[in-house]
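After this come two complexes, each holding chain A, first together with chain B and then together with chain C.
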Partner chain A sequence: MVSKLIDKYYRTDRLPHIWCTGCGNGIVLRSIVKAIDNLGLNKDDICVVSGIGCSSRASGYLDFNTVHTTHGRALAFATGIKFSNPNLHVIVITGDGDCAAIGGNHLIHAARRNIDITTVVFNNNIYGMTGGQYSPATPTGDKGTTAPYGNIDYNFDLCELAKAAGATYVSRSTIYAANMIIKQVEEGIKNKGFSFIETLTICPTYYGRKNSKGNAVDMVTHLKDSAVNISAYEKLSEEEKANRIPIGELYKRNRPEYTEKYESMMKLF
Partner chain B sequence: MKEIKNDKLIIEKNLCKGCGICVAFCPKNVLEIKDKKVSIRDLDSCIQCGLCELRCPDYAIYLGGK
Partner chain C sequence: MADNNVVLMQGNEACVEGALIAGMKFYAGYPITPSTEIAEISASKLPKIGGKFIQMEDEIASISAVIGASLAGNKAMTATSGPGFSLKQEGIGYAIIAEVPCVIVNVQRGGPSTGLPTSPAQGDIMQARWGTHGEHSIIALCPSTVKEVLDVTIRAFNLSEKYRTPVIILMDEVVGHMREKVELPNPSKIEIYNRKKPTSSPDDYMPYKVKDGDIVPEMPSIGEGYRYHVTGLVHDEYGFPTNDSSIAEKLITRLVEKIESNLDDIVEYEEYRLADADEAIIAYGSTARSAKSAINLLREKGRKIGLFRPITIWPSPKQQIEILAKKVKRISVIEMNLGQYYLEIDRIAGKYTNVTKYGSVNGELISPDEIISFIEED
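== the complex of A and B ==
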């Protein structure tokens, strides 16, 4: 037996899911579904699009219109889907590698166009599915199978990237603060434009093991201790900020949405 | 004074992977891991906050029973 929420929105015959013991992906996914439930949306009016990765397996567990696409291309497919039926609520589920490495170009252009897509990034700081290679979100110095002595790259601040590229709603949360994910996904869906929601999650199997981060409970505790609400974060000294991650609604702006602009353009013909 | 309880805690052991997240963050120490699965240690202390359900990655624990 599962809860009413899971029973209503999941393909329960596919459970238990494939994610490892303590993997945070299941927490983020439930939060997305809870947000949809809170908004009272019709299941058939939702299309969930994902790329490739552990996190992108999420779409297969959901009882909406779902499309499991190719690595890095979820936003490209989602753009086509939104264009063909602008009435759909299009939600993209993507990993940090899927979204910011191979899919980085799709991300910046979807944000630049301000197309009405809600993107939820499951950021576990690593490529989980392929065995722990470092990603653009692996903090400098941290290890992966492709960085056995530590990663020399600077990691992306994904929210700053989305903001600079043109997103109209940008937020961050953690799996410890899952209630915040629920609220942010609700706001992201309500925003008529490109919404970028980063969720900090955990991969105990690869990122955790490679970087001696302990078990799932240790890793969630670390997220709890390092995340600070944006209003409190801004009051910290530069030194204090170094080991802290701001969470909350980070940025909002008003801009015309892409499919609406396109529709009004078509009326000129 | 005890609150009136109307939603009982339900455990679905088949789905539990024994990660211990629900146990660690239960504010009332209601849960424990036994034989690598979650188990209820002290149901009377449960305040039905729902935090175990919120953070269980495997949908193995929830409020909803009568």
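== the complex of A and C ==
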């Protein structure tokens, strides 16, 4: 059965999508759309901004205001859009390379400003669009086409980065826990401030194949087994934490939002 | 009453005045000498008129935010200088292919790289033309007085809205920092061009289709009910990416032609003492000021010399330069670089007349004496 969400929110004439067999991006995208549906938002009031890469192609499939920008700059474009029209719900779709490497500066500063943008990172641990080069999210030791002997870089903890930079809502989930993504995107959109939602997805074609991670089912199973809810994760010993990834709402705080602060400043005149 | 509107003003200040008259509602920038006053004055003035100012984390973020703001319906500008202009090329290319109106000011200083941060130069002439990758055309305007900075800035916004393209204002450090008397125009008497909004319903709207008789597609703002897709990829008339070679050819050709086939509207220039001239100088920006002084002194010595000053640097005033070239025995291109615009002038005029060049890259304004020596010796 075709999901009602597809007819309601997708540009059906743009389908099928370009993603490979077994790619997890569709699950993340569906979860974003489901969250929007649950919130009952008007499509005209939503602007989805994306960068460059596999995940960033998502914007073209969605029947919202959509802006497919340059590599890494989605948050900078989104800042201009949100600041110009604070009534819009601005959602940024980005990947680990797009957001943490070339767009890393924009990420930390959008978080620092606490501008009301909901950022959803599709983290597949690799540059997929260009054929499997290691990214800032490729675990140390894993292989990519540009790390044929294993990656010697340390990988980012993107959520810790966003939290330290000033985001007011930070969460992580996996495509196995799709319902959790939906809930987190809802919370992210509702949060009046910068929301950072990391979704761990899979790239069987490049990351999986290069690192003998098995097929898509094996990779999703691995995500299921390694992800632990934050409340349970905190109770684990340091040794037990080593190969586990905390998921859930990791951080929340109240802090005045950027466009509202600017509006207050304008009232001085 | 008129006297009340006469003020002493800096070039960078006049740029903001012009932008506000043109309807600028959004400025994003990053501090850089010698353009910083444009950001500072915008930061002070925009919140008072309901406009938005933001200091972004870098130059690329600034141009990106400006493009986003323009898509959301605000007239938007950013200003920079050499090193920042290099970084902005990425966004300029995006604004060209996605047809997003915006204004980029480059107050030129000595380069390459950090170069001579506080000294004037005109070294970015070719970067303005070809700085972003891929086949494209560009509009770049070059004022030489403070009052002209104001006028050119208004024009830059108008052209960007009319042709849905980024417009570059190429100032130089002298023009940016110089203070001159400016008679502020009455804003109500100034012609302001605003982008054409769609008249059709969202269902019938084709975001990248040019209607018969129009120059560019109609452009709604994000949030107005026209949910369309904007991309830096080659796209069809619906706005969606395509690899279709015939669509790619048609799109890129249209983007070039919308500028190149409207030179009469876009090209602006000044002719100074050229009526009876048998030789000419071509100079622009602050260099043109020295050229005028040199011409006056050379005229006193009996030489029939005049100045052709392009205000629209790109697209170049081809037709006018060709006419001039057929009339005079020599054209000398004077500029604060080692012959960038000379290449363009020689390309147009070289087959009709003798084209010579004089340039300097020492961070000093070229003096009338230098120009006179060059004209008399060469």
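Annotations for the structure displayed:
Going forward, the second predicted complex is superposed on the first by the 268 of 269 C-alpha atoms of A that agree within 3 Å, B and C clash if a C-alpha of one lies under 4 Å from a C-alpha of the other, contacts with A are read in each partner's own complex, and residues count from 1 in each chain.
Assume a contact is a pair of C-beta atoms (placed from the backbone, for glycine too) under 8 Å apart; a residue touches a chain by one contact, two chains touch by 3 or more.
All figures in this text were calculated on a predicted structure; none of them were measured in a lab.
With both structures placed on the common chain, the touch criterion links A:D45 to chain C but leaves chain B unconnected.
In the overlay built on the shared chain, the residue A:Y176 is in contact with chain B alone; chain C does not reach it. By the touch criterion defined above, A:T168 lies against neither chain B nor chain C after alignment on the C-alpha atoms of chain A.
Greater residue coverage of chain A by touch, when chain B is weighed against chain C, goes to C. When the two structures are aligned on the shared chain, A:N151 is found in touch with neither chain B nor chain C. In the superposition on chain A, A:V67 contacts chain C only, with no contact to chain B. Contact with neither chain B nor chain C is seen for A:N124 once the two complexes are overlaid on the shared chain.
With both structures placed on the common chain, the touch criterion links A:N25 to chain B but leaves chain C unconnected. By the touch criterion defined above, A:H17 reaches chain B but does not reach chain C. Touch criterion met: A:S59 reaches chain C, while chain B stays clear of it.
Counting contacts as defined above, no chain A residue meets chain B in one complex and chain C in the other. Across the interface of their complex, chain A is touched by residues 10, 12, 14-15, 17-21, 23-25, 53-59, 62-64 of chain B. Touching chain A in their complex are the following residues of chain C: 25-26, 28, 47-48, 50, 52, 54, 56-58, 60-62, 64-74, 76, 90-91, 94, 221-225, 227-233, 240-241. Listed in rising order, the residues of chain A touching chain B in the complex are 1-4, 6, 10, 15-17, 19-27, 30-31, 175-176, 178-179, 215-217, 220-221. Across the complex, chain A meets chain C through its residues 11, 14, 43-45, 47, 49, 59-60, 63-70, 73, 76-81, 83-85, 87-88, 105-106, 108-109, 262, 265-266, 268-269.
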